[in-house]
Amino acid sequence: MPTRHTATYTRNAYSLSALLVALCLPLAACHKNKHKQGATLPVSGGTLIYATDREPVCLDPHVQGDMPQVFVAQQYLDSLVSMDKSGGIHPWLASSWDISPDGLTYTFHLRSDVTFTDGTPFTADAVKANLDHMANPATQSSTAGGYIRQYHSTDVIDAHTAVVHLSRPYAAFLEVLAQGFLGIESPKALARPRDMNCQAPVGSGPFRIVRWDRQNKILLERNPAYHWAPPYALHNGPAYLNRIEWRFIPEPSARFAALQAAEVDAIDSLPPEAQTPAQHNADLWLLMADRPGNPTNGTLNIRRAPFNDVRLREAFLRSADIDGALGSVFFHHYRRAGGPLTSTTPFYSPDFEHAADYAPQTANVLLDQAGWSTKDTDGIRTKNGQRLTVHIPLRSSLSNSERTLWEQVQATARETGFDVLLENADDTSVNTREGKWDYDVRIGYWNTNTADVLRIVFSSEFLDAAGISGHHQNESGFSNPYFDKIINDALLTTDPEQRRALYYQAQKIVSAAFLQITTFPQTTRLAVSKRAHDIRLEPALNVTTLYDAWVEQ
Amino acid sequence: MNTFSSAPQSGLSVKNLSVKFATGGVTHTAVHSLSFSLTSGEIVALVGESGSGKTVTARALLGLLGSNAQTSADQLSLNGQSLLANTEQQWRKIRGAEIGFILQDALVALDPLRSVGAEINEALTAHKWGTKNTRNEHVLQLLTQAGIPLAKERIHLRADQLSGGLRQRALIANALAMNPPFLIADEPTTALDPSVQVQILELLKQLRTAGHGILIISHDLGFVSRLADRVIVMHHGHMVEEGRTADLLCAPQHSYTRRLLDAEPGRRPPRPAVPINPTTLPLLEAHNLSFSVKQKNGTRKYIVQDISLSLFPGRTLAVIGESGSGKTSTARMIMGFQKPETGFIDFLGEPWSRSEKTGITEASRRSRRPRLAAIYQDPLSSFDPRWTVQTILDDALSVIHVPKTERLSRSLALLDLVRLPSTLLGKNPLHLSGGQRQRIAIARALAVEPSVILCDEPVSALDVSVQAQILDLLGTLQKRLHLSYLFISHDLNVVRNIADDLIVMQAGRIIERGSAQDILLHPRHPFTQQLVAAAQFIGDATGEHFS
Amino acid sequence: MSATNSLPLSLKPSPRLWLPGSQHIGLTLAFLYLTILILAAIAPHFLTHGNPYGIAPREAFTAPCWQHPLGTDQSGRDMWTRLIFGARSSLVIGIGSILLALCVALSLAIPGAFGGPFAEQCVKWVFEILFSFPTVVLALLLTALFSSGTFPLIVAVGIGAAPGYGRMLFGQFLTIRHAGFIEAARSLGHSPAQILTRHLIPNAFRPLLIAGAMGIGQTIIWASSLSFLGLGAPPPAAEWGTMLAMGRDYIAEAWWITFFPGVAIVLTMLATTTLGRFLKNRFETTTS
Amino acid sequence: MILLPNTSFIILKKFILRVGGACLVLFAATTLTFITLQLAPGDPVTAILGGSANPTPETIKEIRTEYGLDKRLIVQYALHIWHVLSGHLGSSFSQHMPVKDVLWQQAPPTLKLMLSSLLLAWGFAILSVTLSAKKPLFDSAFSSLETFFAGLPQFWIGIILLWLFAYQLGLLPPAGTHGFSSLILPSLSLAIPLGGFLAQVMRESFKTTLDQPFVLTARARGLSDTAVRFRHVLRHALLPGVSLSTWAIGALVGNAVAVEFIFSRQGLGRQLFLAVSMHDMPLVTGIILFISVIYVIASFLADTLYVIIDPRIQEARA
């Protein structure tokens, strides 16, 4: 009878699939257990899959110079000098150096046992080639090149001695040299056309680039000859990992999901909403550190109304409830950064953290004083029939969390009578508006391992720095001769105490001028599978280094 | 000429067959207690107008009615085996193998995307007949048997690549694939030209001789009379009369049968010949019209060549021709929609259309257009779909500047003229019957007070009885309003009663012209003779005089 | 032919026996939804007492509950209130861009269908070109030109959707041009101008109306996918596409922020499609 | 046969017309890109250097010279056209890479996505229509399902699928371009709405075809209902589906943008979005040109398919 036949068949099918499931389950379980048990001693071999949010546009960090570049470059480039957690400068590719008393000449004595992964030996010529490359306009360097504007030339004394001449004294020179942005590349590789070098620059680092599959991943493999690790490393000799798969997963939730699903071993830019689940996940560990520099902020344009009036600037800062936003969309996982420097920056002072806390009452008083005392039907303050409007361009690459933060700033500032317009636009359009000073608030940050960042962001030297298309790093338009003097004096001396005092003054002036709504520090936020060990941050910029990392096999 | 393997002896028997349809909760009975039988070697005809239930009956015999149909019968059996409780599986064994089915128009009755060979082949594979090679062999044989010459080349052609006669033969070959003892032919010749109809008729007769029992479904008593041994007349789902063909035609018992017979246009006498008054001038005159199209190979093919005609007041000039004879192109040139390549047309004594570039523009014709009205085969498509009868008539009346205040009364008068109730005024033609639509078209044509009406196959899409009514109406109107008709048709019977003068066209040329009576009684050209013979009605029920 | 190819109307197998009822229900629901939508667009306060822009960081990410039937978003704003207030911009964008699309489509289809063979060929080329040019690029460039917001979104979607409608209308106009009633009107002695105003334009209006009704939902989807990419109205505007895009980071923690705006978009699309079908059926039963 | 040279001449003429038309389309797309990107505000130099940058004036000058941005507009346009004509397409300044290489790298994942979603959509449409058209209950149920599918925004269905299959059930990878498993969800997100649309247009013509007399003839041969649907009716319903597919292929890269973003997938859609927001003229042109070529190829294939499906078309055209 057909009916019965079918029934039997179905039952068989069920039991078959049940059997399959039963077979698979223990297998899967074994697989997982294997990760958990394991030695605590590093083992060599294996691949680590690292997922990050943003993709570099060029793997040579000299070109342009944005954070994603330095993160990946740290794996294949070494620097001349290294930095420790407290800001001290130590040897790396340069074993020692002398600084002339006038601060204009740096003589670097180089290691003689270093070779690039293309076989080229590391010599003084390489130092010259690299610094020249960074300073060459054709490189299109905006970060590395910008940091060494004072660079004049390099003399090659012998194979292992390079003398670098500066046009002006620059006390932060060694500090910036410790940054991955100024990593040292093979001179032979640098001689190739720029765009070719971008695909696969050659360094002397613990890994070398195998392949870059855009919008997908970069494959790196171990440099077996490596034995010139920086002092902050845990070991010397070749890296433990055979390979690194450096993946790009821009979607924050997908990146975290990929980590949870063990598709990847580590992710950076752990989204705030995922931090609590990550902390509760027994298979994961977190690695977080604030990056030094000028924290994430909105810089007020003081070149035009309304923020040409310091009272309105203070009123705006005091009407923006940043803490509310950090509590909601950032789930209390981000700390507030109140001052112009991030706490991890050398010469940072905590005294300015609360210089512009949320205080709507104060804001109202200030606005009344400034003559913006009437409100229209929408509740927006007016003066001489003019509405109190603030234009904030939002670039399309801005993260959703930050977007929400500014939306909440918009809402709280509205309560005191500011009409905040958040204007979406693509990155290029936003850049163009910035070039034309066409904004009231500009959202940005500046990661660097020196307090000299204050000079780049606030001194008048950077008001028209890049003349032609209106590029200016001083986004506020702040121009104060006294501040300029202090900040430049700080570059003339290498005495830490003197520098500390000068940078304190500088922070004080900037704070009192209410030039930025600082929100939270730029943070390296890693979540790592417990399978992966010793993923660390190099101290100069708190950028991931996988040199010491190893995975359980 | 063609030989068919003899069909096995058997019988199809139907007793009290009823078919009901349930649509949206409403039950509609399409066939009421129909009984008949069909044995091998005989042809039974099921005759009726649209809605008579004849098509439903045919499908019920094959189990091909939709799922919303309820079929009941005291008996529905094939060779003594009841089909009533058949499952779909059992039906499939009968279809094609026991009962073959021939539909009306091979152009749509065979899959237009596949070759006829593939189609017939499928009739064999459906019953798992033979192997691939034997099947191909058999298909060739079937095509040849059905009278398709050079079958080997034509097996790969699609229906649309074959001529009308050949493709209908292919369709019959398809039904004969499994050599079923019985055939059901649903209007097997309706869409065909008269000369081809005769050929198919012959083919069906041969099948009868070969022993097949054939059930013919038709609306055309004339056609059926030449073929069927017995005729069943159906009306609104009821069988009104059944009998031997000759008996039924000569002595119809039921009034409906009589009405049907009377309506047959071929049965009417030709219009008495009235010679043209030599003093009157023609209303419409066409001289040496030609029109050609460019062919694939660059040569020109003449659609119309050297056509001349004259239409005199109060007379009807009929243009007769089969499809492709050029009669439609002639009509378009006369309507001024197509410029002739050579020749000229005068209307109302003035130039109307010229082959050469002269000052005759559409604008110059426009003022005379109302004097030349037209009615078409498909009146519905000639009405703006948004418009009601009233808007249609109103629009026509506006052309001759009838004041708005008078238009309603004029519209009502027009409806009365075409014998339609005034209640139709607010209706959309879509919701009217075919006959009513054609009457509206006539009313619109009359509204502009024309001298000439061009009638392009005006009754071809209508049921026989409706045809008769429309033809009568046209005749009456002609007398009353002294109209002239240019009447275009493929069917000689249709014009029998209305034409004064006749033109017969073949392949773009006029092959015969003269008074209607002359030609109908004494056709000279062999093609005309063939046409007249094909139109021959009933009198000779056996119809054996065809060669 | 007195015997027609197909069966008489009443005899066609009718699988939709029970359907008129369900169609009726669908239509009623569609009308009901559209009514609420229009009400929300005109008088949002009638449907909610909340403030769509008032943030409450402490209440952020509240799951659907009695107080917030659809939960709250990342700034603690009530989702129901935001959705209601978002109806206006969605409708404005949907209707605005479909009107623009149809205008552009008409300006191509009319000369193409009625302007002679050369114009016909040119218009065909234009359609080919427009079809191969991605809407996203257009939208991005427009937002770059005008900064983002409702207006560039309408322009981008309108122009992006135009070729599709253009080609459809083009085809339908050609059919109308060759229809028997046009020749009938000519033979009566009507002038080309009369034929245009009495037949061509009124008959072209029907497909236009149907395309319009069916298209609103589709353009809302297109617009929301552009908002999703960050090209929509600027914050704090309550726009469904933007709300959805902003919520997608939190889908693991707060699915409702992404889910409900999507439901609103889908329902709008279904409702307008149902409406369009209804119009189409109505017209078709009076056409053929 | 005397016919032959003439026929081949006509075919050649048709081919030339076709290629000429394609070139016109490509030329117009190139020009349109140039015009729109020129109209867009924003200095490409800023795009080249990135946002938070610190370049020197010399650097900026160098860039202007390198990319020809200092030349007159007409010269820039001529250069732009020359790049396209010479086929090397220039170099993308946002990617620091020849445009050809970018296309070479980014096109395969998008094409894979396109093909798999087309296949899925067709599979769904064919099965849904063929098995349910004009069958009581099934017809309205499946046609409602199709309407529902067609009404789903791709990005939303993508997010929902991601949430369900990757986050909740953990069955499929949430991101990336790694083999077959990472292709399933993105393809589905594109295929579901497309399948709905395809099925809708196919259902309409499928139903019309079911009323055709040859269906009755086929059934009268003893063929089963299912066989008739698959062997005869389906073929007639394919044509509108094919022309919709051409449109879908043309619109695909645009549609792929959101999906590629959601699933962090490699591909042209995302690349195009980035290129436009960088005002990267060579890359935008390259991608649009690529899309145009795909569209032209797709419509050529569609024309070929038309003729295969319905041989009458070719005879009507000739």
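Note that the chains take the letters A, B, C and D in the order they are written out, and that residue 1 is the start of every chain.
By our rule, contacts are C-beta pairs under 8 Å (C-beta built on N, C-alpha and C of every residue); 3 or more make two chains touch, one makes a residue touch a chain.
This is a predicted model, so every value here is computed, not measured.
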Identity of the most central chain, Cα criterion: D
Interface ranked first by C-beta contact pairs: A-D
Inter-centroid spacing, chain D versus chain A (mean Cα positions, whole Å): 37
Chain A and chain B, separation of their C-alpha mean positions in angstrom: 84
Approximate Å spacing (C-alpha centroids) for the pair chain B, chain C: 46
Sites on chain D at which at least two other chains make contact: 40-42, 136, 162, 167, 213, 261-262, 276-277, 279
Shared interface positions of chain A, touching two or more other chains: 251, 253, 257, 396, 426, 428-429
Junction residues of chain C - those touching two or more other chains: 5, 12-13, 15, 17, 140, 144, 229, 245, 248, 251-252
Interchain contacts (touch definition) - all pairs: A-C, A-D, B-C, B-D, C-D
Chain D partner contacts - residues on chain B that touch it in the complex: 59, 62, 64, 67, 88, 92-97, 100-101, 103-105, 108-114, 119, 122-123, 126-127, 158, 160, 171, 174-175, 177-178, 296-298
In the complex with chain A, residue positions of chain D that touch it: 40-64, 66, 91, 94-98, 102, 105-106, 109, 162, 166-167, 170, 173-177, 261-267, 270-271, 276-279
Residues of chain D defined as touching chain B within the complex: 2-3, 6-7, 10, 136, 212-214, 216-225, 227, 231-232, 235-236, 309-312, 318
Chain C-facing residues of chain B, complex: 21-24, 28, 30, 49-51, 55-56, 65-69, 104-105, 108, 186-187, 190-191, 217-220, 335, 337, 363, 366-370, 372-374, 376, 378, 380-386, 395-396, 399, 428, 430, 444, 448, 460-464, 467
Partner chain A, residues of chain C touching it in the complex: 53-55, 57-58, 60-61, 74-76, 140, 143-144, 147-149, 229-232, 234-236, 245-246, 248-253
